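Down below are the structures I want you to see.
The same chain A turns up in both complexes below, where it pairs with chain B and then with chain C.
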Partner chain A sequence: MKALWFLIPLYLLPLVVKSDTMLTVLIFTFLLSILAVGFNIVFGGAGQLTMFHAAAFGIGSYATFLSMLHFGLPFWLGYLVAVVVVVLVSIVIGWICFKFRLKEFYFAVVTMAFAELCRLIALNWTSVTNGTLGMLVLEKPTLWLPRSGIVKIEQTAAWYFLTLVSLTVVLAFSALLMRSWIGRNFSAIRLNEDLAQTLGIDTFRYKLLAFTISNVIASFAGALYGFYTGFIEPSYLSVTQSLDAIAMVLLGGVSTILGPVVGSMVLTSLPHLIELPAELRVAVYGMILILVILLMPRGIVGLAAGLLKRRAHAS
Partner chain B sequence: MLLKVENLTKRFGGLVAVSDVSFGIERGEIIGIFGPNGSGKTTLLNLLAGLLPPSTGRVVWKGENIAGARPNVIASRGVIKTFQNPQLFSELSVFEHVMIASFLAFTRIKDHSRLSSFLAPGKGEAVLRARAEKALTLCRLQGASEKSAAELSYGEEKMLGVAMAMMCEPELLLLDEPASGLGNDEIHNLENVLRDLRAHGTTLCIIDHKVAFLAKFADQAIALQQGCKIAQGRPNDVLADPAVVKAYLGRSHHA
Partner chain C sequence: MLELSAISAHYGKNQVLRSIDLKVGAGEVVALIGANAAGKSTTMRLIAGLKRATSGSITLDGTEIGGLSTPKRVSLGIALVPEGRQVFAQSTVLENLTMGAYHRADRNHIQPDIDAMFAMFPRLGERRNQRAGSMSGGEQQMVAIARGLMAKPKCLLLDEPTLGLAPVIVDEISATVMKLARDGMTILLAEQNAAMALEVASRAYVLAAGAISAQGTPEQLKASPVVAQLYFGAETTDA
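== the complex of A and B ==
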């Protein structure tokens, strides 16, 4: 839980930084951090390389918006519908993959195929999703706050705090989860699945749990993302979106609590801070990613933790 | 009888890896199963642990047939298997590795709800930590508790595998070639650990091809050849058995 202290300066930042652009960059950073934290639970925790998290992200935004549109639900109830959808989808896909004992590369390919299937549905089911044109989202989430009553989240500052609080909650949940018996069972599965089974762990059940939790968290990021940008399109479910989250986790530090957030900070904020021509920016971004992964196999947080440990040993 | 193996057979296509093997294990004894490479030792152990389903035959644990049950179910009944080559995390400490194996011990702690332990580890965690210390002490790793797994010698790695298994409080511990790859000092250490485990009340079933190592302290030995049991009895009698001498050493010469 110590990792959460890292977020405190971010709560104070709006007192100093008044620039909307800066806050906007951070809002995107927080939203993609949530996606990456979710991915880190199933990959960094249970060792299952899923490629479905972008699909869950997209389903989160589509299902929330569509249930608001068709059933007249408020945002949070709409999101609840999305959670039910994502849980069901995760159980079906996870059941298929884990019953057939798909591992590593095979698991990645099959989950990627399912994710593409979801993207194609979003793309081609025009009467519901408006296909490639996407959907304009004019509604905003509302929150009940003491003293102010029900508020619409519209202003940049409001979104900043909503996404930051969401990230804090998700991060706290992930920290609690990883140190609980569930997190330990995930680690045992990541270490060696056969060994985990002979230690009494129902690996099928815990892999399914990791996959489902990670997808629900991804869908939360997706729901907020769609309503923040005011636009939902099929590319939310794309493979590149999944790869971005994977890059964030690898860069920040796989299997660390803060890694996904640090990775998202670098990969989401950095491109906006480096003022270079677009093509050059992509190249620089790629170079940074390659170098970091080659030089710091345990990511930024892993490296920092290692250095701190060494210093503690030396003194 | 704690465990009874009845006519256990495992076929892989046309290959019969374990053929009609029967034996029993009494509570508190050490049983050694040996045989040359490819004699079906590891397959037999995997059948007992549930990692492979048998083709035919029964494995009766305290009167209940557990053949074909899933490994985690068998483990929860008290039968735990160690692995020949434990794969470890370089970034985790020895202690953290043992804690990874704490699930069964966790499920056996009474009077605490899983939900409350999720929010605040508290009491259950203290019980588990004490148990982990005990498992490490049994395996002579108490001094290495805070070391990272990357700093361990091969022998210590194997002992850590045993400590993780002991964290599950097995009634029957299945050891897969615990002595392979160890130096003389490490084997001596292993023998002491195994004696301590027996004193601790754990029944042991060890497979190995180092006959001399098993003969030293096993109460009962079983010799396998090409999946068949060719001899069973007190270790020295088994070693002297003409069929064993012929199969294991290839020619008549005393082990």
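== the complex of A and C ==
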């Protein structure tokens, strides 16, 4: 839970920074951090390289909005419908992958195929999703707050705090989960699946659990994202979206609590702050990723932890 | 206690076990000896439930367990110590042992059992907080065996515990197995090192090309010309 202290300065930041641009960049950072934290549970936790998290992200935004549109639900109930959808989809896909004992590369390819399938549905089911044109989202989430009653999340500052609080909750959940016996079973599977099984761990069930939790978190990021930008389109479910989250986790530090957030900070905030053209951004992403894998396989957080440990030993 | 009857198994189209019959009585140490690729590890994996047999039955105390998942078999009392000294390398010795008690419901008896393991393997006690991956091969094997025992098994399966270890460590492992046997543990030991296996076992099966080619007490097997030729280098006397 020490990792959460890192977020405190972010709560104080709006007192100093008044620029909406800066806060907007951070809102995107928080949203993508949530996606990356979710991915880190199934990959950094249970060692399963999924490519489905972007699809879960997209399903989160589509299902939330569509159930609001058709059933007249408020945002949070709409999101609850999305959770049900994502859980069902995750169980079906996870069941297929893990029953057939798909691992590593094969698991990644099959989950990617399922993600593409979902994207194609979003793209071609025009009557429901409006296809490639996407959907405009004019509704805003509402929140009940003590003293002020029901508040519409509209202003940048309101979104800033909503996304930051969401990130804090997700991060706290992930830290607690990883430290619990469930998290220990995840690590046992990541470190040595055969051995985990001989110890009596039901590896099928725990892999399915990790996959489902991670997709639900991704769908939460997606739902908020769609309503923040006011626009939902099929590219939310794209492979590049999945790869971005993977890059964030690898750069920040896989299997660390804070890694995904640090990675998202660097890869989402930096390009905006140094105003890189979009075409160059992809190239810079690629370069950073190659350098990270070659030079610091444990990511920024892993490197920092190593340096702190060495300092502590020296003194 | 543990009985395999008419067990066959395949990897794809290759048949790797041909109608194996094998019995391990309560409190017995039974060795399964054979060369590389004879099917020893496959047999162990079948008993642990990591692989399914194509035909035949496996019973534990008279109950068929062939269709059960590995976790179920662990809770029924089968613990496999897999070959290749598998430990959670990043975790400490203590964490490895704790993981061994994963399926147990009697949480408050785990600490006394860990203490008992450290009494049995003093070197592990001294290094309880060391990362298992940083230990020597022999010590890692001790961690693996202790972790297996932490499951409180009725029947302990040891798959090639001496593979790739120095002779002095092999002696240490033999001594451990014999001590466990004296304490009444039922053990099935798969070994390529026939000399070691026949020294500790009360009965043994010889596995060759996926079938049982000989069985009996160590004395009978040592006297058998087939075994002698295969495993004790007796063929050199022909020259």
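Things to note:
Just so it is clear, the second predicted complex is superposed on the first by the 304 of 315 C-alpha atoms of A that agree within 3 Å, B and C clash if a C-alpha of one lies under 4 Å from a C-alpha of the other, contacts with A are read in each partner's own complex, and residues count from 1 in each chain.
Please note the rule applied: a residue touches a chain if its C-beta (ideal position, glycine included) is under 8 Å from a C-beta of that chain, and two chains touch if they have at least 3 such contacts.
Just so it is clear, the structure is predicted and the values come from calculations on it, not from any experiment.
Aligning the two structures on chain A places chain B and chain C in clashing positions.
Shared-chain residue A:Ala188: touches chain B and chain C both.
In the superposed model, A:Thr132 makes contact with neither chain B nor chain C.
Residue contacts after overlaying the shared chain place A:Arg298 against chain B, while chain C stays out of touching range. Looking at the superposition, the partner that touches the larger set of chain A residues, chain B or chain C, turns out to be B.
Once the two complexes are overlaid on the shared chain, A:Thr198 sits against chain B and chain C alike.
Residues 184-185, 187-188, 191-192, 194-195, 197-202 of chain A lie in contact with chain B in one complex and with chain C in the other.
By the touch rule above, chain A contacts chain B in their complex via residues 176-177, 179-182, 184-185, 187-188, 191-192, 194-195, 197-203, 255, 298, 302.
Contact residues of chain A toward chain C in the complex are 184-185, 187-188, 191-192, 194-195, 197-202. On the chain C side of its complex with chain A, the touching residues are 48, 50, 69-71, 74-75, 79-80, 82, 86-91, 99-100, 102-103, 147, 151.
Listing the residues of chain B that touch chain A in their complex gives 49-51, 70-72, 75-76, 80-81, 83, 86-89, 91-92, 99-104, 106-107, 114, 117-119, 121, 164-165, 167-168.
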